[in-house]
Amino acid sequence: MTAIEILGLEKTYSVGFWRKKPKCALKPLHLRVEEGEIFGFLGPNGAGKTTTLKLLMGLVFPTAGSARILGMEVDDPRMKAQIGFLPEQPYFYDYLTARELLNYYGQLSGVASKERAHKIDEVLQRVGLPEVGGVQLRKFSKGMLQRVGIAQAILHDPKLVFFDEPMSGLDPMGRREVRDLMEQLKQEGKTVFFSTHILSDAEALCDRVAIIHKGELRGVGAVADLTSSVHGKVEIVWQGTTVPSSLRALGAECHVTGDTVRAVLSEANQDSAIEALRRERLRLISVIPVRTSLEDYFVQKLQPSEAVAGVRS
Amino acid sequence: MTGRIVHIASNTFREAVRDRVLYNLIAFALLMSGAAILVGQISIEIERLVVINLGLTAVSLFGTVIAIFIGIGLVSKEIERRTLYTVLSRPVRRWEFIVGKFFGLAGTLVVNAFFMAIGVFGALLYVSRHFQRADSWVLVALYFIILEFLIITALALLFSSFSSPLLSAVFAFALFVIGSFAEDLRGFAAMTHGLMRWLATGAAYLVPNFSALNVISSVAHQQAVSRELILYNTAYALIYATMALCGAVLIFEHRNLK
Amino acid sequence: MRPSPRITITFVLLLVLCMIGSVVFLRRLDRVRTGATLEEVLYISSPQVLKRMSLGYDGLLADIYWTRAVQYFGGKLHNRERRFDLLAPLLEITTTLDPHLLVAYEYGANFMSPKPPDGAGMPKRAIELEEFGIRNNPDQWRLYYNEGFIYYMDLKDYAGAAEAFARGSQVPNAHPYLKMLAGQMAEHAGDVQMARAIWSTTYQTTQDKSVRDNAAAHLRAIKVDEDVTALEALVARYREQTGLLPLSFSDLERAGMLRGIPVDPLGNPYRLMFDGRVEVFNPDDLPFIEKGTPPGYVAPPPKLLSSD
C-alpha cells in the first residue's frame, strides 16, 4: 500500500510587501512512498524539503496539486492520529516539563489516559532521556530538545513518521542512536519519511531516496540504483615520485606521497592507464575500484542546473 | 473535539500561570489594602464609594492589560516559535486550536478576577465593617467586567491571528479606547449626513461597545442594575466575542503557517 | 488540500449571524439605558476635574461632550419631555473643556433658552453660557447677538437686549445690523416688527443651515400670526356689516375686502372655518405659530437639527 502519494504538489509564495513577487518554493512534485520503507528526502538547505513537509502536514496550502497520506486527505484528523511529525529545529513550550509536554501531546493525539503514563516512560527511555522527564524544557540543550521532538513524534505509536532533519543538533553518539531508532521503527513495520542534507545518513539508512534542489525533483530511486548510474572510478597506486604525462592526459587526479603515487581516474580509462604505466616501467601496487557514493550522485545531479542558473543570472 | 479544546485551554491556562501572570494579584492586593487604609482615615461617607470605584476600575484595567498582552501572543507566538507545528500535525482542527486558546485565556482572566473580587470585598468589609444589600450589585459590575474581558480576549486573538504582537497590541488597545466611547461615536454618526452617516454608523456598530458594560459608577452610588441590562449585556458580549472568534478562525483557517 | 469549505461556510454564517445579533442587542441596550450614560457621565460634574482628567485631550473630550449634549437634547425633545436637567451641566462641561467651541454657544442658546417643549426654558443659564463665551471669545459678535436675542425673546428684557446688541456692535467686523437692532430696540421693544427684524438678522447672518431654517420657520410663524389676525379681523368686520359669517373667502372678496384667496408663507390657502376662525392648511408644516391652529392642537417637536 502507498503511504504517501504526492501528485503535482506545487507552492509559490508571494514575497514583498507592496509589490508581490512570486517565489517558487516547490515545482510540481510527484512522489510515492510505499508503506514500510525508510524514505530519504535529500537536498541542500533551502531546496524545498521543509516546504514539502509543511504542505504534507497541512500547515501551508499548495498553489496546485494534491497529496494523500495513508490513503486519506492531508487534513483528515483520522489520518493525523496515525502520523508523527518532528519539525526542523523543534522548539516546545518551555514552561512544561518533558513529561507534561508529552502528556499534552498524548491528549491531543487521543492516547487513552490509562496508557499515557506508561507510553511516556517508554518513549523517554527510547530516546535516551529516561531521567529528565520532570525537568522544564527551558533547561534542555539543543540535542535534548531534538530527542524530545523525536519522542513526541513516536509517542502515539504512529504508522508513519515524518522527520525534518532528525540528526541536526545531535552529537555522533546521538546520531547513531537516532539511526538505530529509525531502523527499529522500520522493523516494527512503520514508514519513515525523513529529510536531510547529510548524505551519509541517508546512504546508510534509506531504502529509497529522492533528491530535490531548488524546488525541483532531480532523482528518485533506491540508493544502489542511483549510485550505479554514476560512472565508476578506479584508484591506481604505483611506486614512484613522478606522474607520466600520458597519465595526466587521461584526466587522472594524482597525489604523490613519499615514494608512491595515487591516481584516481574514470573506469573507462583504466586499461590505457595501466598500459601507460607499463610502458614507463613503473611498479604497479594496486588497482581498486572506488565505490560511488551518493554524494557523487548528488554533486552530479546538482551541478548542471547550477551552471544553467549561472548563465541565466 | 471538546476534549481537545479543553486540553488546549488548560495548557494555555497553565502557560499563563507559569509565566507568573497571577503575580499582578500582589500589586492589586497592595493597591486595595493601601487604598482601604487610606480612605478609612480620611472620610466617612465616601469611603465605600472610593473603594468600589477604585477596586472595580483596577480589576477592569489589570484584566484588560493581561487580556491584551497575553491575547496578542496566543497565536503569533506559537507560529513564531513553531510550537504550533507539532500541535496542528495532530488530530486538531485549526478552529479547535483558536477556540481552545480563547477559553484558556478567558479562564485565566476569570480566576484572576475572582481573586481580585475577594480583595475588593475584603477592602469593602474593612472600611464599612459590614456588607449591605446594595453590595450585591458590585458582583454584577464584576460580572460585566468579565464579559468585557471576553470581548477583549476575542479581539486580541483576532489580531493575533494575522498580525505581529506589537501591531496587535496597538489595534487591541485602540479598539478598547474606541469601544469605551462607542456610544459617543454613534452620537457623532447621527450628526453626519449621507454616505458618511452610513459609514460612521456602520463603524459605530462594528466596534465593541463597552459603555453599557461599565456600571462601576452607578454601582458605587448603590444604584440597582436592571434585569434587562444584565440579560442584554450578557447576550451582546457573548455574541460579540463569538463574532470576533469567528473572524479569528476564518483568518487562521486560511493562513499559510510559514 | 484547500482550507475546508465546510468550516469556512460554517464560520462565515456564524459571523454574519453574530453581526446581526450584536446590532440587535446593542439597540436593545440603548433602549434600556437611555440617559443612563449621561447621568453616569455626570458623576464627574466638575468641568475642572474633567479637564485635568482628560490628560490634555480636552479638545476631543469637549467634542464628545458636545455630542452628548446634542444627543441628550434631541432625545428629550423627541420624547416631548419638559425637563432638561442635564443640558446645562453638559454644555458647561463642553465649553469649559473647549471655551472656543462656538457652536456650543450658538446652539446652546437655542436649546436652553426657549420655553418647553421647544427648549429647556432656562434663559438665565443661557445668558450665563453666552457671557462665558464672550469672556473667552470677546471678538465674536454673534455671541453678543445671541445674548441680546435671549434677552429679547425669552426674558422680554429689552434694556438687556439693547445693551447686548450695543456691546456687540463695538466688536470689529460686527455685522452692521447689530447697530440697527441696538438703536431700534428702545423704540420698538415688544413689536412684531422688532421680532421680525431680529429673526431676519439671524436668517441673514448665520452660516448654519439649521439655524437658518429655524429662523425662517420663526419668520413664517410671525407672518402667519399677522395674517390670521388680519383675516379674522376682516371676518369680524364682514359680520358687523352683513350680520352673517362669510361661508368662504370668496364672500369677502365679493364684498371688496380681499383680493384673491389668501395663502400662507408656504403657498397653501388659508382655510375659513364655519365659526369664523381662520386656520392654516397644515399646522404641522408651520412650527412656532400661535394662531391659525385647530382647537386643542399640539405642535410636533420642532426640528432644530437638520439631521433629525
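Per-chain numbering from 1; labels A, B and C assigned in written order.
The rule is simple: a contact is a pair of C-beta atoms (placed from the backbone, for glycine too) under 8 Å apart; a residue touches a chain by one contact, two chains touch by 3 or more.
Quick caveat: nothing in here was measured; it's all calculated off a predicted structure.
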Query raised in the report: Which chains end up grouped together through touches if chain A is skipped?
Result: one piece
Query raised in the report: Any idea which chain sits dead centre by C-alpha averages?
Result: B
Report summary line: At the largest C-alpha centroid distance from chain B we find chain A
Query raised in the report: When the contacting C-beta pairs are counted for A-C and for B-C, which pair yields the higher total?
Result: B-C
Query raised in the report: So, what's the distance in Å between the C-alpha centres of chain B and chain A?
Result: 48
Report task. State, to the nearest whole Å, the distance from the C-alpha centre of chain A to the C-alpha centre of chain C. Result -> 83
Query raised in the report: Could you state the distance in Å from the CA-based centre of chain B to that of chain C?
Result: 42
Report task. Indicate the residues of chain B shared as contacts by at least two other chains. Result -> 93, 254
Query raised in the report: Going by the touch rule set out above, which residues of chain A reach two or more other chains?
Result: 58, 61
Report task. Quick one: which residues in chain C touch 2 or more of the other chains? Result -> 3-4
Requested in this report: Would you tell me which residues of chain C are touching chain B in their complex?
Outcome: 3-4, 7-8, 11-12, 14-15, 18-19, 21-23, 25-26, 28-29, 32-33, 36-37, 39-40, 43, 64, 67-68, 70-71, 305, 307
**Report entry** Residue ranges of chain B in contact with chain A within the complex
**Finding:** 3-4, 7-8, 11, 14-15, 18-19, 81-93, 254, 256-258
**Report entry** Parts of chain B lying in touch with chain C, wherever the complex brings them together
**Finding:** 93-95, 181, 183-184, 187-188, 190-193, 197, 205-206, 209, 211-212, 214-215, 217-218, 221, 226, 228-229, 232-233, 235-236, 239-240, 242-243, 246-247, 249-250, 253-254
**Report entry** Interfacial residue positions of chain A with respect to chain B in the complex
**Finding:** 13, 54, 57-61, 77-78, 80-81, 83-85, 87, 89-93, 95-96, 104-105, 107-110, 149, 152-153, 162
Query - chain A to chain C touching residues, read off their complex - result: 55, 58, 61-62, 65-67, 73-75
